[in-house]
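Heads up, there are several structures right after this.
The following pair of complexes shares a single chain, chain A, combined with chain B in the former and chain C in the latter.
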Partner chain A sequence: MRYIILLTWALFCLAPVLWFLSIGFRPRTEIITPQPIYFPTFSLDAWQMIWHDWPMASYLRNSVLAIIGSVVIDLVLAIPAAYSLARYSYRGRDDIGFYILSTRMMAPAIVAIPIFFLFRNLGLLDTVWALMLVFAAVNLSLVTWIIRSYMLDLPHEIEDAARTDGASDLSILVLIIIPVCAPGIITASVIAAIFAINEFFFTLLIASTQNSYTLSVALANFTGGSDGIIYNAIALVAFLAFAPVFLLVLAIQHHLSRGLTMGAVKG
Partner chain B sequence: MNQSAISGNRVRRRPLWRRKLFPYLLVAPAVIYLMAITLYPGVYAIYQSLFFVRFNEWTFVGLENYRELFADADFWASLWNTFVIGGIALTIEFVVALSLAVLCYRDKFIRGWRIIFLVPMLFMPSAVSYIWKLAFNDGRVISDLLTRLGLIDARLDFLGNVDLARLSLIVTDVWQWTPFLFIIFVGALQGQDAEIEEAARLDGASWWSLFWNISLPIMRPIIAVALILRAIDITTMFASVFIITGGTPGGTTETISYFIYRMGFKTFNFGYASAASFVVLVATIIIAQLFVKRFFHSGKD
Partner chain C sequence: MAQITLKSVSKSWAAVTAVHNVDLRIEDEEFMVFLGPSGCGKTTTMRMIAGLTELSSGEIWIDDELVNDIDPRDRDVAMVFQSYALYPNMTVYENIRFPLRMRGVKRRQQAALVQKAADMVELGDYLHRKPGALSGGQRQRAALARAIVRHPRAFLMDEPLSNLDAKLRSSMRVQLKRVQKQLKITTVYVTHDQVEAMTLADRIVIMNHGEIQQIGTPDEIYNNPQNTFVAGFIGSPPMNLLSGRIENGHFIAAGIHVDLTPATAADTSDITLGIRPEDLGVVKTHSPHITGQLYGIEPTGDVTFLSVKTDDSIIEVKADRDFRQALDSDIAIQLDTTRLYFFDPHTGLRIQS
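For the complex of A and B:
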């Protein structure tokens, strides 16, 4: 009984994925038909199409640049912040921590219009730099909180010992704390990268032309005028983005529940 | 400070104010960055909401945008839609995820394969929206499968009917994000003490009483955190609305995010959209202060 329930859900998870994969490798004519076709003819039309009809290389480059750039910005800002929140006690600390957390709750739509005008005035609209800055802001709260949670676990003796040896606070952070917290930092980076790949709303507003499309938004423009939506190309790009995400998640599997709850689960 | 003091014991001799300032300096860059991207837009939205904006021409209208907004049936409808669609989706996701987690968390075999349960979560939301747009609508797969099972006679029009349009958004969300709750719950259940469980089982406790009396109380703060995070993301639901329904039929699937987007970037009524943003922002802050603060404090340490 247990296995039947689990198997049913596994099927519900996988069947749409396999079917969508089959969409990616079938000709256009077999996608939107009066009767759905479950066993299509194999075709690489869409594969040719995504590389020839669209600047796929530029979409990929934009995605990679925006993601890596945003994660780097996040780490530079979040590691010191997390260290401060986890290892010091001072007035206002909890309020500062909560403020950082609360930005995670902000709906993108609330800040969308001012941010649109901000980047327009800075002349950054439709650039990958703007995407980088926005993705970093979106993920900063969760990166900070995840790393903070890992830093909270460390015993205080670590710093005390180093301090009696005369190490400065900054060198303690760089030489001792960061290496010990590497799993937390990696988990936070992976989750931030995934969220950046997924980001849709801001990218839609900021990337007004193909110049700065990422994969996530490029999908929504795979329409061929009167041809309608080009599903087989969409499917292939979906799997193109899925593959690295899948590998990253496999690598951090055991830290995933902790990362996704921003440190609340110590699983 | 002289040379010998620096080379001697730097930490001890450093002036008190500098030591007190240090943690603030560490956290400051992150806070300033976030303020630039949240506080500045907040102030900007309040200011802009007092104007009627047409291209680069701003006309001061006072609170007119707010008066209009509170009388706008579309605005209230979008809040209601967000609540209905999000509420149903979140309930289903919670029940399914918790049940699956309880069924498999001590099972070594399934634990090895649990990545399968995570697969939907690993696709981009825009891609997932197209999967279900094709399945429900353009490709008519769901209709076809239901017909084959003998459940319906004619093709269903998933965009033409209020309930069916909402259902397609709910299914899309449930499919993609149940794994999010599932993996968190599995992590929480695995984290609990296996020995206590074993002892209770030897005492003859049924799995239900084990779950109800031991697991659930331990998990309560984690459940709260997980549901809060999921609820935040559901209320900001956008990609699936944008791609699958576009708010049809008759605006009944328009969420609050889509409403603000439509007002700002389709009708270019920026002042009005800013007024709506500000109202939602105030609501968010109130909710955050009331609920989130409490649960995240109990969730730490």
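For the complex of A and C:
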């Protein structure tokens, strides 16, 4: 009985994915016909089109570079920040922590114009670098807070032991805290990557050519122009954007569930 | 190998004073135990020696060096924690090696030193395991090996055995004492367990409310308590403390009448008499020191604990292993008049006769 329920739920969740895959590999005419089709024709038309007629490779490259770059920037900044917020006591620590979190509460539209001018003045408009920075900025607060809550749960004795064993603050962070917090750090990275791959608003603001178009913005390109809405191409590109994250989450789901519950329940 | 000296050491957080004006000298190679109830400041004092907690005032010296402003990692002391505090991401081998690595010991020497320390605590076969795959006792030994490995100037142990079961605790106690005597390293050991304190210590420091109550060898602490706190804290069950008065060389309280001749205390209307449960015995004479009713009886196998109710107090007595009597029946108690202690009921201090 349990398996029937789980199977039904799995089908319910996977149905849209299977559906847009089936759209992606059928001829365009077949998709928009009003009659139901019981035996669809397999076709690579859309697949060939997105790779030949569109610079799909650059979109994919831009997405991957921007996401990896932004996650790296986030981790480099967030790990020391989280450690400081979790462990050191200084004036205004909690206010600083809240300030960092509050940047997440802002509606993106409020900062859209300043960001546009900022990157224009820096000469970074329409570059992957700008995307990395923007994605990193958007996700930094969340990454910091996830890692911080994970660090808060570590027992102080481990650091006290390391300190009497002769370790400097930096060695403690690198040799002990980061490895022990790995599940939290991985969770935060995956969440940041998912947000980054779905990011649309700021990418549209910054990107204007294939120099910096990412998959999510490229999708929008298939809806206009003289060809109308190209459903099968949209389905394929959407699948390309979805699949890597899906596989990544599958691969690390053990860490992910541990990381997400860690902050909530004292072990 | 070091002498540790504390001079007027105090620690307070805002309104709370955790440690007040502690003066103490721990001799080289000595096994010193800090004993007291929870919240008495013993752990805070140890953390100040380790450098993990800053002093509010006073000085701490290790040998001829004032260490107040010296970082924990430069004090060359090793600490063993109640929670073991092993590094969960490293194997036992890497855990024990960690202090050597941090101190820049040559790689070639590391393996031999780690092996030697692990053998000393009989953990040689578990070096490749992660702490998560060890039992409580093995984790504790791994933590001990990590402290041993670098031959520090002093060991600081914070209730290292309190998470172990009773049987393991007593065997670890023996092992700990052997290791300390072999290595001849000055050791400060914090515990609230008086059996650990009595069995391990060269000297015991008894603390309460952040102040030292008494410093002495286990025998001195047991046989010569300086105040009612020490008297009531040490011993299982602890010393009986009876309030009463002294008239014409007789101690008198409800249901209690003791002839003190030859007089050991001057007449007074207000005094506390201390007597240990093992210095009391059940008798069948007509004029016993104490008369009362049997309130409770607890046979433990080798000895039977009695609670005897007098008019206004309950007195603990250690009786023979085969002593049996009905509850609430009358009982007569004689005490060993050579083993009496008198305390000032207001200050709690011992009145020496």
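FYI, the second predicted complex is superposed on the first by the 229 of 267 C-alpha atoms of A that agree within 3 Å, B and C clash if a C-alpha of one lies under 4 Å from a C-alpha of the other, contacts with A are read in each partner's own complex, and residues count from 1 in each chain.
Note that a contact is a pair of C-beta atoms (placed from the backbone, for glycine too) under 8 Å apart; a residue touches a chain by one contact, two chains touch by 3 or more.
Only a predicted model underlies this, so the values are computations on that prediction, with no experimental measurement involved.
Of the two partner chains placed around the shared chain by superposition, chain B is the only one that A:238 touches, whereas chain C remains out of contact.
By the touch criterion defined above, A:157 reaches chain C but does not reach chain B. Shared-chain residue A:180: touches chain C; no touch with chain B. Touch criterion met: A:80 reaches chain B, while chain C stays clear of it. Applying the stated contact rule after C-alpha superposition, one finds that A:68 touches neither chain B nor chain C.
Comparing chain C and chain B on the residues of chain A they touch gives the larger count to B.
By the touch criterion defined above, A:88 lies against chain B but remains apart from chain C after alignment on the C-alpha atoms of chain A. Of the two partner chains, chain B is the only one that A:20 touches; chain C does not reach it.
After overlaying the two complexes on the shared chain, residue contacts for A:171 are found with chain C alone; chain B is out of touch. In the superposition on chain A, chain A positions 163, 166-168 are in contact with chain B in one complex as well as with chain C in the other. Within the complex formed with chain A, the residues of chain C that make contact are 47, 50-52, 71-75, 77-79, 81-83, 85-89, 98-99, 102-103, 143, 146, 156. Residues of chain A touching chain C in their complex: 155, 157-158, 160-168, 171, 175-176, 179-180, 182. Of all residues in chain A, those touching chain B in their complex are 2, 5-6, 9-10, 12-14, 16-17, 19-20, 23, 31-36, 76-78, 80-81, 83-85, 88, 90, 93-94, 96, 98-118, 133-134, 136-137, 140-141, 144, 149, 152, 163, 166-169, 194, 197-198, 200-201, 204-205, 215-217, 219-220, 228-229, 231, 234-235, 237-238, 241-242, 245-246, 249-250, 253, 256-258, 260-267. Interface residues of chain B, counted against chain A in their complex, comprise 9-11, 20, 22-24, 26-27, 29-31, 33-34, 37-38, 40-42, 44-45, 48, 96, 99-100, 103-104, 110, 113, 115-120, 122-127, 130-135, 138-141, 144, 175, 179-180, 183-188, 190-191, 221-222, 225-226, 229, 232, 235-236, 238-239, 242-243, 256-257, 260-261, 264-265, 270, 273-274, 277-278, 280-281, 284-285, 287-288, 292-293, 296-297, 299-301.
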